[in-house]
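Next come the structures, one after another.
Both of the next two complexes hold chain A, though its partner changes from chain B to chain C.
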Partner chain A sequence: MYQWLDERLDLGRLNAKLFRKVFPVHHTFFLGEITLFSFIVLVLTGVFLTLNYEPSTQLVKVEGLTDPVQAAYASILYIDSLPFGAVIRSVHHWSAHIMIAAAFLHLLRILLSGAYKKPRELNWIIGILMLVVTIVVAFLGYALPYDNYAITATRIGHGIAESVPWVGVAVAQIMFGGDFPGSSHNIPRLYSLHVLWMPLVLMGLIGLHLLIMIKQKHTQPKYAEKVAPGKILGVPALPQQGLMSGVLFLVFVAVVFLIGGGFLAHPVEAYGPLSANTPNVKPDWYFLWIYGLLKIIPSSFEFTIPLFNGGKFGPEFWGGVVIPSILLVGAILIPFFSFTEGNVKQRYLELPSRHPRRTSLTIAGLMFLIMCTMAGYIGDPGMEWLTISRAWLLIIVVPIVTYFVSFWIMRAIWGETWQKEPEIELIVGGGQAPRA
Partner chain B sequence: MYKNDTIVPFGAILAAAALFLMTYLNTHMRVMESGTVPHLTVGSIGLMAFAMVLFMYGFIGLISNYLEGSEMRPGKHMAPPSSLPMVAGVVLSLLLVGLSGFFARTLVYAAKEGFNPNALQGGVFAAMMFLIALLVVIYMKFFLEQEVMAEADKAEFPW
Partner chain C sequence: MADQEAKLEHEIHAHEDEDPAVHATRRAVLQAAIGVGVAGTLLSTLYVGAGLVPKKVVTPENEPLAAGDILVYAQGDNKDKPISPADLKLGGPQTIAYPMNPKTNVVKGGDPNNTVLVVKLEPSRLSPATAKDAAGGIVAYSGVCKHLGCIVSNWEASTEDFVCPCHQGHYDPANGGKVVSGPPPKPIPQLPIKVENNQIIATAFFVAEPGKEV
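Right, the complex of A and B next:
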């Protein structure tokens, strides 16, 4: 059978060129794989959900409920009643959170190890776009259960979209299919964007990301330079790398089903269908930092340009669009502000400790996001101490202090050698892989 | 970043444990304050998401170190033959069959009674997947020839 196929498809050559490709081994590479596996699990569980979900706001009667509810909400109750249905829906929800968290940590790894440098600038940009698209897909799916909590939380995003001067209302109308909530086109529009168009964009970006990664090859752990200088050291794609990825996929499925079964994310029964009562809600955790910015920017921070029917620049626009856009553009431009010595290719992972400025700046950036997230809790019970002025102070001071403290600690530990990568002593010849 | 060490993965597992503990304490305090907790807060969901990623990363990092070592040298390596991995494989396979039957029973129960034991279903399914992962690890460690290669930096694939 193999010979028959090989004579027609030249499988031997495929094996030699693709399946014998060398994959460097380092634990941090698994963060990207976790992101990819989250996407695969999201697609698989999403297929099950689409078979049972009804994207409609038509009112229907549900057994056990006195008042009619929207069909979308009723179909979620139906999915939860199916054997294993609630767990699969919960796994879909958790996988989305895991995908965003893993993509963010993967991005941090790339940043801290200098893997974004030449020749991988394009893949860095594609990676950032993937994170943004992932967040957009997650947001578009948030309102689909059509429960009171999800609709109220989605209104925050709708408000941000509407806040863009001149074009905001039109953009929001296109994305949400009319006024939100209220239009019967809301759910069909969000549904098609969530299950079809945006995932297609994401799939295209993932394919491009992997293709470029295979062409340019991974960066490698630094020790590889002494073992096989100028070469790629690692294990073959098949069977070893494939089996290791299989183990990670199984571990991923095990963890997400254990947590998904034990902690049902977004239990719609607890929130109830859409009603006139507005619950006290917050957006999902990955939007909390923007929500925090919206809370601390004063409502008076607003002006109008009297051109083309007047463009309003309000606090929602500054906090929800301008500041995130500045950070996004800054992140995209990072590779173009760092230069490798002699303009050579970046082959090996850099040690974060040997690049204290970049590492300290990254940690300071993280502190900025954490402080902004904390500002999202202003006014909550137990957070009375956090006033708007204190939040401003924390957001400005903590990242700056963090930068200098972490920079000072790294210089104190590594002293004069902090600018140098470790000395490499070449090993001549090969041998067996030492075991752990 | 210098080699495929165990320090960072181990630290990631500790960080995951700390984040899970933070979520537990957060939820526990809400129970003490209001009596009941109908759902996880967005903050708790975020902490748990990072905890899960860190746990998976740490766990697979340790497995990678166990299977592939911290530094590799070009060559081939095969574990010495032993009957212990085969016995372990048979025992785990039997356990997997038992769990599969039990998982099927939870589905039949849910269909008959109209009640989903979610934690049990998720837990049993997770245990099944974890057992398969363990079987693959045993296969890789004891029955697969470990090969380390050094490839030229210039690649012809895909173009």
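Right, the complex of A and C next:
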């Protein structure tokens, strides 16, 4: 059988060329894989959901409910009634959270270890695009259960999209299929984008990301330079790396089912179908910082460019679009602002504490996001101390202080040699280092 | 085969050598043709793409509010029944209402911009401009937050303000729906009303365009 296939497909060459390719090993290298695993779980659970979901807002009668409800909402009740239906829906929900978290941690790992530097600028940019697309897909799926909570959250997103000067209304109309809620095109449009188009884009980007990674070779821990200079130190894709990934995938599935089954996500019955009441919504954690910004930017932040129709730059545009876009563009430009001497290609990971400026800037950026997130809790019970002006003060002061404190600590630790990469000494004689 | 190609190429080059001007003209014509083709394709794609913006279908349920509409409960046990002024509690909270066409009895709940907040306040608290469109102490406002379009469904009893649950925008119902605090850019527009036959009836459209400020 193998021979038959080998004669036709040249499997031996494929094995030698691709599957014997060596990958370096480090525990943080699995963050990207976990992101990929969440995507796989999302696709698989998503397929199950599409087979039972009804993308429509037609009113239907449901046994046990006096008023008719939208078909989308009714089909979620139906899915929840299937064997393991609620669990699969919950796993789909939790995997989305894990995917975004893992992608973000993966990004932080790349940033802190300097792995984005030449020649990997392209993959850095693709990675950031993937994070954005992932968050967009997550948002587009939010309205699908069509419960009151989901509708309110999506309505805010619709409002933010509309706030873009000139083009916003058209973009919102196309993305949401008209005014949201209120148009019968809403759910079919969001559904198509959520289950088909955006995942396709994501799959394309994932493929490109992996291809470039294989072509450019993975960065490796610093000690590899001493052990095997100029070579890649690690284990082959098959069987070792494949086995590790396989085990990790199974562990991932087990954990996500444990979480999904233990904490059933988004109980639509508790929120109820669309009603005139607005629930006290809070967005998911990855949107909280934007939500916080929307709360604290005053309505006076507004001007209009009287050119054509709709040239309004309102507070929602600043908080919901401009500030996130600035961060995004800044992140994309990071590889082009780091100057490695000459024409050197980055092959080894850098120690974060030996790059205090970059590391401190990263931590300061995180503090900025955390402070904005905290502003999202203004007005909540127990948060009376947090006024809008105090939130502004925290958002501006805390990141700056963090930067200097963190920079100072790292310099104090390393003293005069702070800019040097550490020398690694090999322990000789204690067994043979694996070579590849 | 290769020989033929080489020959062909040779001929082309020979031709070019003979009269470069003719060749340049041909190239320009070809480039123009390609350009027109690409532009035409893109423009026709835009025309097809315009179909992505859905047409707004007007049904009796999502017609805009009109003068003469009766305000009915938007939710609860009395859903779709006219609001009786006597049932409104002095000092709030607000009741969320939809307009009902008095001729057809169709409740126009299909368009969120038709959502109306009704609240009864001490008549002496109302500003003169607000009192003009009120019926006694009963005032009605558009229920759609000017900030990001949520329904302003919360009530702050201590200050008698409408509160939007989404981003804590506060509006003052005694004072033309003025923004007291929070991010909304404009007041929510008031709805002129009168009380007749124990029903609350809109006497005109909202004083300004309802809905999220675009």
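Here is the rule we go by: the second predicted complex is superposed on the first by the 422 of 436 C-alpha atoms of A that agree within 3 Å, B and C clash if a C-alpha of one lies under 4 Å from a C-alpha of the other, contacts with A are read in each partner's own complex, and residues count from 1 in each chain.
Everything below uses one rule, namely that a contact is a pair of C-beta atoms (placed from the backbone, for glycine too) under 8 Å apart; a residue touches a chain by one contact, two chains touch by 3 or more.
If you're wondering where the values come from, they're calculated on a predicted model, not measured in any experiment.
After superposition onto chain A, the modelled positions of chain B and chain C are compatible, with room for both. Within the superposed three-chain model, A:30 lies in touch with chain B and out of touch with chain C [touch as defined at top]. Applying the stated contact rule after C-alpha superposition, one finds that A:162 touches chain C and leaves chain B untouched.
Touch criterion not met for A:336: it reaches neither chain B nor chain C. By the document's definition of touching, neither partner reaches A:197: not chain B, not chain C. Contact with neither chain B nor chain C is seen for A:404 once the two complexes are overlaid on the shared chain.
One of chain B and chain C touches more residues of chain A, and that partner is B. Applying the stated contact rule after C-alpha superposition, one finds that A:259 touches chain B and leaves chain C untouched.
In the superposition on chain A, A:243 makes contact with chain B only, not with chain C. Superposition on the common chain A brings chain B within a closest Cα-Cα distance of 14 Å of chain C. Once both structures are placed on chain A, no chain A residue is touched by chain B and, in the other complex, by chain C. Only residues 17-18, 20-22, 25-28, 30-31, 34, 80-81, 83-87, 90-91, 94, 97-98, 100-102, 105, 113, 211, 214-215, 217, 221-224, 227-228, 230-236, 239-240, 243-244, 246-248, 250-267, 270-271, 282-286, 288, 347, 349-352, 377, 381, 422, 427, 430-436 of chain A touch chain B when the two sit together in their complex. Those residues of chain B that touch chain A in the complex are listed here as 1-6, 8-9, 33, 38-43, 45-46, 48-50, 52-57, 59-61, 63-77, 106-108, 110-111, 114, 116, 118-123, 125-127, 129-130, 132-133, 136-137, 139-140, 144, 146-153, 155-159.
Partner chain C is touched in their complex by these residues of chain A: 67, 152, 155-156, 158-160, 162-163, 168-170, 173-174, 177-179, 181-185, 189, 275-281, 291, 294-295, 297-299, 302, 310, 312, 314-316, 378-379. By the touch criterion given at the top, residues 52-54, 56-57, 62, 74-75, 79, 96, 98, 109-112, 115, 143, 147-154, 164-168, 179, 182-185, 212-214 of chain C touch chain A in their complex.
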